[in-house]
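In the part that follows, the structures are each spelled out as structure tokens.
Two complexes, one shared chain (subunit A), two partners (subunit B, subunit C).
Up next is the complex of A and B:
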């Protein structure tokens, strides 16, 4: 590539390699991210023991408080997940870690509910930004892929001179042209979405990816920058006895120092239900997601009312109103963010898609699927183009093409298959199995590995079709499985997931059905189908 | 032999774009944060959010630049930029 080349040529080279080498990771990131739009609903589906009792939050808080006071009186902190529209269950946890054991409570009896252990919809959410690697490594790998995505998007726009004209051009069943048109249409149609979702994803972890400004202005002290983010934070820090910080970390008690301090004298905690109303007065009705209590039963008890994400576009993760748990005095309420912080949080909020309710969620889901189609068609396009050139090429070239072809199958069809298999495993693995969530993980990654082995062994077209058909069958039959194995659990949310799986499965089956036609019709010379009369 | 020989410029260019581009972005972001006429927090936040555009443009430029020398010169610009961004730290270190 060192010969003199035009801008289009060099951008085309860059587009191909950035898109191909990171495309496999990007497809996984986009597919799991698309599924994570409905993480709470998938969670609900994966625990069919839970049912919506239509319980009010105040009653739920009472039940939770009674249970926690009986079972965990000595805990350093409590967390209560209140029933909400998307997650109508009541869950509690105690201790330092928010991510510790969660207990589901039956609001009617006030007893713990035996529910199956499952990775839940959270798996897709975490996979989306860590690829199931160790957290920090994963975040960096995903960030690198996201940068490659940005590079691929912009270089794609540069090489694409007739960007608007091509949007109206689709020539189906024309081999390479069809793949190119499909790739172009899905890319151009949602160009703003692709750009927005990629950039906002980077912005969420911008402090990790690019610590330059913090290094220069704060000597790398991120906490110092965080403290400055809210005007007047210093005074409240002293007055509220660190309450602001407690609120900022979702009521998670500070591990260090806390243990060394002598415990405050015992004091009765106010009924927690009363704090919900006060939270709703600030956040709006139905906008409270949970309560956190630090030092319950002590004079220095603090109650944090955590809002539902999505009361606004701004991502308010980690924010809350902090009350004195004994006197009920309001210690700290979030102030409006300063403009620069608001900018960052709105960008992050655009990525998290917690605003706008279900219509917005479906819009993000569908746009995410189009992104997946764009990435997958781009990956296939590479092999379709290469296959024609490679005949004269070296054996090295053929081996590389073979590798790309099998990785394409495993990354696209194999991952879809693994996701469907995870849902099947959730219903088929015995509910009482010890370490059940690890078996779910083993099943997911096992199926994915098998799909790679299968893709290496079979000819590309067969590998594509067989894996897509199996994934399609799993999707189409999911409602049946659900109704057979968890007949009592059927409600709107779970049936919604079943029907969505059915439709996605049917789509995959259609794609698998059409593949031979698309793949072999290259030689045929059918006139281009011109939609909207666009002429090339 | 010839194939291997002609591969090196590509490898150097890729490394210069990815690693050199990161260094350049780091230095530019820090300089921007230092020079923006905002409150300290705002300057840092704005510069950080813009850093991905800087990186993106650098990478695209690195692959379209006429010669490899130009790209390497671009990477070398990180040094004076970093000096502007970190001058208080540099002066402090000399004392």
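Up next is the complex of A and C:
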């Protein structure tokens, strides 16, 4: 009995501190991760100059090839992003795929389209795993936060006294009781999701977090490990530079430049459109995402057909079919992954959620939102509990509580506000502004900093309400802004984003409106009376 | 992607969670006790479990096996959360919702 109690106590301590100190970072990670579920759709929304021309991929590839042959004949490589369901635009870049500046092409005229520079939905994706810190530092910080999340989940299960009895219990307007109910229910009902998303997030960078095995078995040569786990990988890398994000994300060194080798003699590249059909024969109809060409116009040209992710759970980023660009011979097709690699890639795929189409995307989005609510309610719960104890406490305790309160406001309400402000900035900043994406970033971080200052200056309840109301207003009015400033751009995807922002804004407004009721019932010593009143 | 199967799966997931919920004394008193005899309560839990299994089966018409499993977890979690919120805020809708969901699924199937 004695041991049991001390276990619960120590787990409770662990849960509190792991949850509180990393909770602010975790909320940011989860909120941006949730938004990144729709990264391509946000990208599309943020460039209203683009429109869906309903162009076939083969035609698009022809247009792109003509443009690249005219504009970039000397480039070491070309990359073509073909129109797909989620990203119906045609984009090209030259040089190495991750680095090269993307140019949007008008498929009808074959000319470059002037589009606004924007951080795009990609910003949320990158922020999600780096917190906008220098890459490696960010990955380690996020990994540390994810570890704390795992600790908080497991210790939370241990200290939850009535996990089954309270399974469906939520008693609103009861102050601390309600916060605890809400925190418990959102945690317990979505426990599989919380565990899966946290664990799989850690597993993506397992080679970075736990390099010992690679160091011992391959002398630290990650490339060697990947060669062995995936026989075609090395060739594909050399041939296509095709590893788009995957290489860097899984901690592989980036593909080497081709500059060192002597150039092969000139030779004509086959029409690229033909490769799409051959890719579709392997990946299925409509499952090709893009083409990469290395050494275009040379005898050693290689064409990599990159598949759309999503036909399976396994994350096949960076994979592709490699063809000889002159003869059209198939050089390398992806083989089924070996069990060890397959395991890693299925776990990573579970995190990236590229499979299962829009219904699955919405499931991930909603589950992610609930995770955010869970983290936020935990953060608030700490202050609600502490506020009772601190009355008799030292001024030191009070100062710490004040700090936590303001950080809570800035982390939860402030970040939501900053995200909404980023979308507003995208429409309001002049389209031709130089260094426009940096202004968007400045706006995002500026609003976030202001929210912190505001949270320090105002009383907690006022700070919460004001920031939530502003965020809500920005969300609710986003459709209006969009229709006023980019009236021609409205299509299903963009209207979908507008409506989602409207609904999320309305929810925030409701929360902000409810807050004082919760706060007053908290102050009352006898919540039972309040409840009887509230339930009529 | 088939909308009727998805709606059916969601409705079944909700009904299944409702079954598990009614199997608990606290919620049985809140929702079912006035109308039904306690014998029904004992049926609720196994029936709820069965409905959850059927929800997974319905999901397998929307996605292939592994993905259906992932989606099944998400569907029952979110259905449970919807139930959790309906219980205090709109208790009258708690029992009607699966019917409405089933009806909607039927309509989707027709058109």
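The rule we apply is simple: the second predicted complex is superposed on the first by the 489 of 536 C-alpha atoms of A that agree within 3 Å, B and C clash if a C-alpha of one lies under 4 Å from a C-alpha of the other, contacts with A are read in each partner's own complex, and residues count from 1 in each chain.
Everything below uses one rule, namely that a contact is a pair of C-beta atoms (placed from the backbone, for glycine too) under 8 Å apart; a residue touches a chain by one contact, two chains touch by 3 or more.
It should be emphasised that the depicted structure is a prediction, and the values quoted were computed from it without experimental measurement.
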item: Which superposed partner A:370 touches (first subunit B, second subunit C, both, neither); value: second
item: Touching partner for A:340 - first (subunit B), second (subunit C), both, neither; value: first
item: First, second, both or neither for A:219, with subunit B first and subunit C second; value: first
item: Of subunit C and subunit B, partner touching more subunit A residues; value: B
item: Subunit B versus subunit C as contact partner of A:141, first or second or both or neither; value: neither
item: On subunit A, positions contacted by subunit B and by subunit C; value: none
item: List of subunit A residues in touch with subunit C within their complex; value: 165, 167-172, 185-186, 189-190, 192-193, 196, 312-313, 350, 355-360, 363-364, 366-367, 370
item: Residues of subunit B touching subunit A in the complex; value: 6, 9-10, 13, 25-34, 38, 40-49, 51-52, 55-56, 59-60, 63-64, 66, 68, 85-86, 89
item: Residue ranges of subunit C touching subunit A (in the complex, touch as defined); value: 1, 6, 17, 20-21, 24, 26-27, 62-63, 66-67, 70-71, 73-75, 77-78, 80-81, 83-85, 87-89
item: Subunit B-touching residues of subunit A, taken from the complex the two chains share; value: 1-2, 4, 7, 10-11, 13-14, 147, 150-151, 154-155, 158, 199, 202-203, 206-207, 209-210, 212-219, 225, 228-229, 338-341, 343-344, 347
